[in-house]
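In the two assemblies presented below, chain A is common to both, partnered first by chain B and then by chain C.
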Partner chain A sequence: MLGYWAYNVQPLFKNKSVKKVFEVFQVGVLATSSFITSITVLLIIFFLFKEGVNTFRKSLLEDGYVLSVSKSNPVSEISPLDIKDIFDQKITNWKQVGGNDDSIQLFSVDDLPKYYTEAQIGTELEYIGTCLNNYVATHPRALAYFPQKKHLENFAGKLIKVGSVGVYEFIKGKEWLPTAKPVAQLGILPLLLGTLWVSLGAILLALPFGLATAIFMAEIAHPTARKVLRPVIELLAGIPSVVYGFFGLIVIVPFVQSVFRLDVGETALSGSIILAIMALPTIISIAEDAIRNVPKNMREASLAMGATQWQTIQKVVMPYARSGIMTAVVLGIGRAVGETMAVLMVTGNAANMPHTFLQPVRTIPATIAAELGEASNGGLHYSALFALGCILFLLTMALNLYVQLRLKKAYK
Partner chain B sequence: MAPHLKLQALVIILLASISVAAQNIKLKGSDTILPIAQEEASVYNKRGKATVSVTGGGSGVGLAALVDNTTDIAAASRKIKMEEKLKIKQAGKKVVEAVIGKDALAVIVNPANRVDRLTREQLEGIYTGIIKNWKQVGGDDMNIVVYGRESSSGTFEFFKEYVNNRKNFAATVLAMQATGAIVQSVAQTKGAVGYIGLAYENARVRQLLISYDGKTYIAPTKANAKNGTYPIVRPLYAYYTADNEGKVKPFVDFIQSGEGQAIVSKVGYIPLN
Partner chain C sequence: MVSKKHLNQTVAFWLFRAMSLFVVLTLVAILYFIVSRGISAINWDFITKGPEQGMVKGGIFPAIVGTLCLIVGSLIFAFPIGVSSAIYMHEYMKEGRLKSFLQLMTNNLAGVPSIVFGLFGMALFVNKMKFGDSILAGSLTLGLLALPVIIRTTEEALKAVDNSFRLASFAMGASKLYTIKKIVLPIAMPDIITGLILSIGRVSGETAPILFTVAAYFLPRLPHSWYDQVMALPYHLYVLATSGTNIEEARPVAFGTALVLILIVLITNLFANGIRAYYNNKYKK
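The block that comes next holds the complex of A and B.
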């Protein structure tokens, strides 16, 4: 940019006419705005990753709380998944997490009034530390969970170490329970697969329809028909996604449910159908442009050789426009991957591992939209949602890079 | 003439805003309480004793604001956490709790479902994924489709704590954005079960009788919630600090008064006795 400034803009200063000054001003405005735009984009990405990286630094234990056991208990470390299972009472014996053969007694600070009178705790909670100390010392089977306080000096119990989530566990983990107490479960595999399944389904549905419409509009349709069709398809792009979602919930969900005789209609397939409709305008208009850009003499040559119109489309036009059609497909996928509102409303949002298309799924954008409002600013859940945003960004960036590389190849 | 008038107007506006600011009570917190608070505030403001401004954001947000001293009243649909209490105590203040009304949840199923009653243990089994078929709780041989609210809602926390015994929901529970969406989905899904606020009665779904002791099943009616026999009821709280009592107490007293409680009932919640 500086080079541009030196060679094109600076010499203009030597010419004193007002017009030239105005021109310089114009160039300056253009250069500045493009500079600001790129800086903004970079800042957003930087911010996204800066917040996201914190996920892997923070402890999975609820902020400000500690988990502790009696000093006589041999267990000093429990995996986050085991802690969740203990609090869900799926694991009930210390033996299962490497301790003695004894049942686990759960204790949270809210249980304190069950063991001590109000006088013992103090009306102003001033003796809470003493009570906690006493409890942990006298209950060897207990797993206690309470707020961390300064009065834990000379603590009678032993603190359980809970680490942070690793990148590998983050991506491979199968449980997404970011608000689980005391230990959050941050496994995004079901969300990632949910996003990919819904997008894949959408593109499989949208591609044949989109391509057929594009070919029809570019090659076969009468100009008048095209004049009517084009605005109608462009209208599809103008409908707000929440309207699509509403339509999906009322029409497509019951439809899918009755056609496949399912227990529940909110499935990946419902999401795919809605996304397919939403991706259609993108696919049709880009594919149609690609087909129309096939040089006229290619078509004429083919027809002159005695090929029929269909043969020409199949053997000449389509191969020639292939790269443009690929672009249309990938941009369509990009639209599907990032779409939030409509998917949020029709896929059921259950964060389980998808096995079929006829099952509820939860996608990454839907998760971010639904949970960010609640997550406390700067907390683990908040960072984890940013990390999800990073994953989504990398996904769409990879798609876009792929398109660009293909385009470069095509124009060489 | 004109500039003089303008100046006068400006002075009047300034004076007015200063006098309003002096009596301004800020209430912040639970979105569940928001409709109650707005209605109470609009009636109370007409009396001209004070101006109550109401903002939502969630129980946690309201209590955090109380800790930071940026609100006078924190509205909360859950009890203040030990942690928040300790934070306020560290700031050298004492927190005062007032119950301003109650909220009840009804468990709903599709009208085609034969099951009309469940115990708390059965509900816990359904929401933790142990019970998967209606046949296991006395219904037809049909898979159970479980609907819940997003983990961001206070209703979710309430249900998890009061019904699910603090256990995590199964991953297969469908998380819906709003109560209306749950009603819609349960109405069009035969094997569905969901939970909604008592205020949202709807003919397209059937409400279940609930039992916590396994013997007596109670219908989710306003009367049962009010007399304390219906079990899935939570109190709604207003929290303020003791040093602020003089300013805040008249408004809290107003909500707790007969007139205030009539508003609570009108908005669709359960009044205090």
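The block that comes next holds the complex of A and C.
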């Protein structure tokens, strides 16, 4: 807005020095606006990471709750994964988490009426704290789980420390259950692998077809055919991803389901197919440019030696254009990694470790899109999604920088 | 007698022709599929009425209005800044570290996934600046996303202006700013406008950045101020396709919405190409 105003308003004074000052001001406005993209990138980094690092500071325990044991129990710390196993009844003995050889007795507030009469708890539940105190003190085998506000000042038990997730566990963890109770599981390996599988699958599908089309357009096609093809491909690059997702949902998902006789058609393969279609325009146009940039005299030298056009393409054009084609591939991967809506609609979104292309997977962008609406602002889940955003940002940034350094070298 | 190497060439070239045809057919099939099924859903009521009966009947008027608000809002913000930025980078800056850094950042911004823009817009505009879910927050987010496109096309447009125009103007004693305003920009304007129109297509179809900054699941009334939420076409299509109350019955409306989205892209593309062709011809004469 400021730039537009500065551009249009003519100086009121004819005085030359005033005019000069006004010109300097206008150029200043232009100069300031040239920093807008850099500032935006820095702001994105700042806001993403500021919220993302909170993931590694917040306790994995459900907000407002505590886990406690009797003071006579030697255990004072249990890892988040073990806590989950205890509540899933996979770990049933204290010995497995470093305590005495004794079975674990789970206890929550809802179990109070089993041990205490209504009179002891109080009609308005006013004595809950006392009962909890009493229970924890008298049951050395118990692992009690209850809201923090019910826990009194001079509590008879001992609170179990539940740490936050470490960076290493975050990346290596195989379970993504950000809303699990009592402890959340934040392992992004299935999401990371899902993203990579779907993107790499897409590139493997798109590359042969994209390259063939690029060679056709640059070397074989009649100029008129090329004139028709180019705008069609440009148009396809412009179609919104949600439309591709819709097409995938209605055509590709049932197709994959019937061809492979699956129970559900929402699989990694469906995602790869739709992403391949979406990546085609990028790959075709960049690869075509790379092929066209091969100097004419190199081609002519080869043809003059008696090589056929196809031999020339194989032995001269392709090696020369290799760097540009690599750029197209990396850029295509970058697109595929960051693509959200189409993938969200066709891959089935199950946060499992991928084993085959015929099972549902969940990618990082799809996870953010699907879960951010439900995550409460500022909570652990919210921070974890921002941390996912950081990883996505770093991934695409690395691919981008690679492409740009390569391009720069190519131009030198 | 055809030699082996010529036979090889024939086989290879026919393979390429077939694969290219396959690619083009796939793309045409997508267009045909959406257009043929969507066309029956589109009529006057579809364009001018709000959704009815749990979004399986009625039209998509509020979503069209919402998308228009977002297009205008984002480009009012991004167009002047993007063009100024490109002018300064191309006309004033000397080749050097600063310039290549700024270009690197612009290209990096272009590569940032749209969902990351959504996260950022939510953190900065919705939560930090307390705009809430609003047209303002959504427009700013989409504007940032459109910036690299506008900067890049403007730079290309400025590059295409022959340097002799600038030199002639300088020789007449005009200042640099005056030359840019009166000589360079008017010549580059058709290409700059082309970039603007193409970014309309881009902005109108983005879903991920507006998910958490503006888009409403169902909101039949029209917005009153820029602090209101709105429905938007791409998000509406997503809702109809995946999470409506009755997905099967909502299919015709979904096809209609998809067709409207494609039409926006088609029309902006045709328009942009038309402008480009018109001015190219004019310039040659």
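The rule is short, and it goes like this: the second predicted complex is superposed on the first by the 354 of 412 C-alpha atoms of A that agree within 3 Å, B and C clash if a C-alpha of one lies under 4 Å from a C-alpha of the other, contacts with A are read in each partner's own complex, and residues count from 1 in each chain.
FYI, a residue touches a chain if its C-beta (ideal position, glycine included) is under 8 Å from a C-beta of that chain, and two chains touch if they have at least 3 such contacts.
These figures come from a predicted structure and were not determined experimentally.
A.B. asks: Please work out whether A:Ala301 is in contact with chain B alone, chain C alone, both, or neither, and reply first, second, both or neither.
C.D. replies: A:Ala301: touches no partner chain.
A.B. asks: Would you check which partner chain A:Thr40 touches, where first means chain B only, second means chain C only, and both and neither mean what they say?
C.D. replies: After superposition on chain A, A:Thr40 lies in contact with chain C alone.
A.B. asks: Give one of first, second, both or neither to describe whether A:Leu249 is in contact with chain B, with chain C, with both, or with none.
C.D. replies: both
A.B. asks: Going by the contact rule set out at the top, does A:Pro208 touch chain B (first), chain C (second), both, or neither?
C.D. replies: second
A.B. asks: With the two structures laid over each other on chain A, which partner does A:Met345 touch: chain B (first), chain C (second), both, or neither?
C.D. replies: After superposition on chain A, A:Met345 lies in contact with both partners, chain B and chain C.
A.B. asks: Looking at chain A, does chain B or chain C touch a larger number of its residues?
C.D. replies: C
A.B. asks: Touch check for A:Gly238: first (chain B), second (chain C), both, or neither?
C.D. replies: second
A.B. asks: Would you sort A:Val167 into first (chain B), second (chain C), both or neither based on which partner it touches?
C.D. replies: In the superposition, A:Val167 touches no partner, neither chain B nor chain C.
A.B. asks: Touch test for A:Leu394: chain B only (first), chain C only (second), both, or neither?
C.D. replies: Neither partner.
A.B. asks: Jot down the residues of chain A that show up as touching in both complexes, chain B in one and chain C in the other.
C.D. replies: 249, 345, 373
A.B. asks: Help me check something: in the complex, which residues belonging to chain C touch chain A?
C.D. replies: Residues of chain C touching chain A: 5-6, 8-9, 12-13, 15-17, 19-20, 22-24, 26-28, 30, 33-34, 76-77, 80-85, 87-89, 92-93, 101-102, 104-109, 111-120, 122-124, 127-128, 144, 147-148, 151, 175, 177, 181, 198, 201-202, 204-208, 211-212, 234-235, 237-238, 241-242, 254, 258, 261-262, 265-266, 268-269, 273.
A.B. asks: Quick one: in the complex, what on chain A touches chain C?
C.D. replies: 1-4, 7, 23, 26-27, 29-31, 33-38, 40-41, 43-44, 47-48, 51, 208-210, 212-213, 215-217, 220-221, 229, 231-236, 238-247, 249, 251, 277, 280, 284, 307-311, 334, 337-341, 345, 365, 368-369, 372-373, 377, 385-386, 389, 392-393, 396-397, 399-401, 404
A.B. asks: Once bound in the complex, which stretches of chain B touch chain A?
C.D. replies: Going by the criterion above, the answer is residues 58, 60, 64, 82-83, 85-86, 89, 94, 128, 142-143, 145, 150-153, 166-168, 171-177, 181, 184-185, 188-192.
A.B. asks: How about chain A: which of its residues touch chain B in the complex?
C.D. replies: Going through chain A, the ones touching chain B are 64-65, 84, 87-89, 109-110, 124-125, 128, 146-147, 149, 175-181, 190, 249-250, 253-254, 257, 263-266, 344-345, 348-353, 360, 362, 370-371, 373-374, 376.
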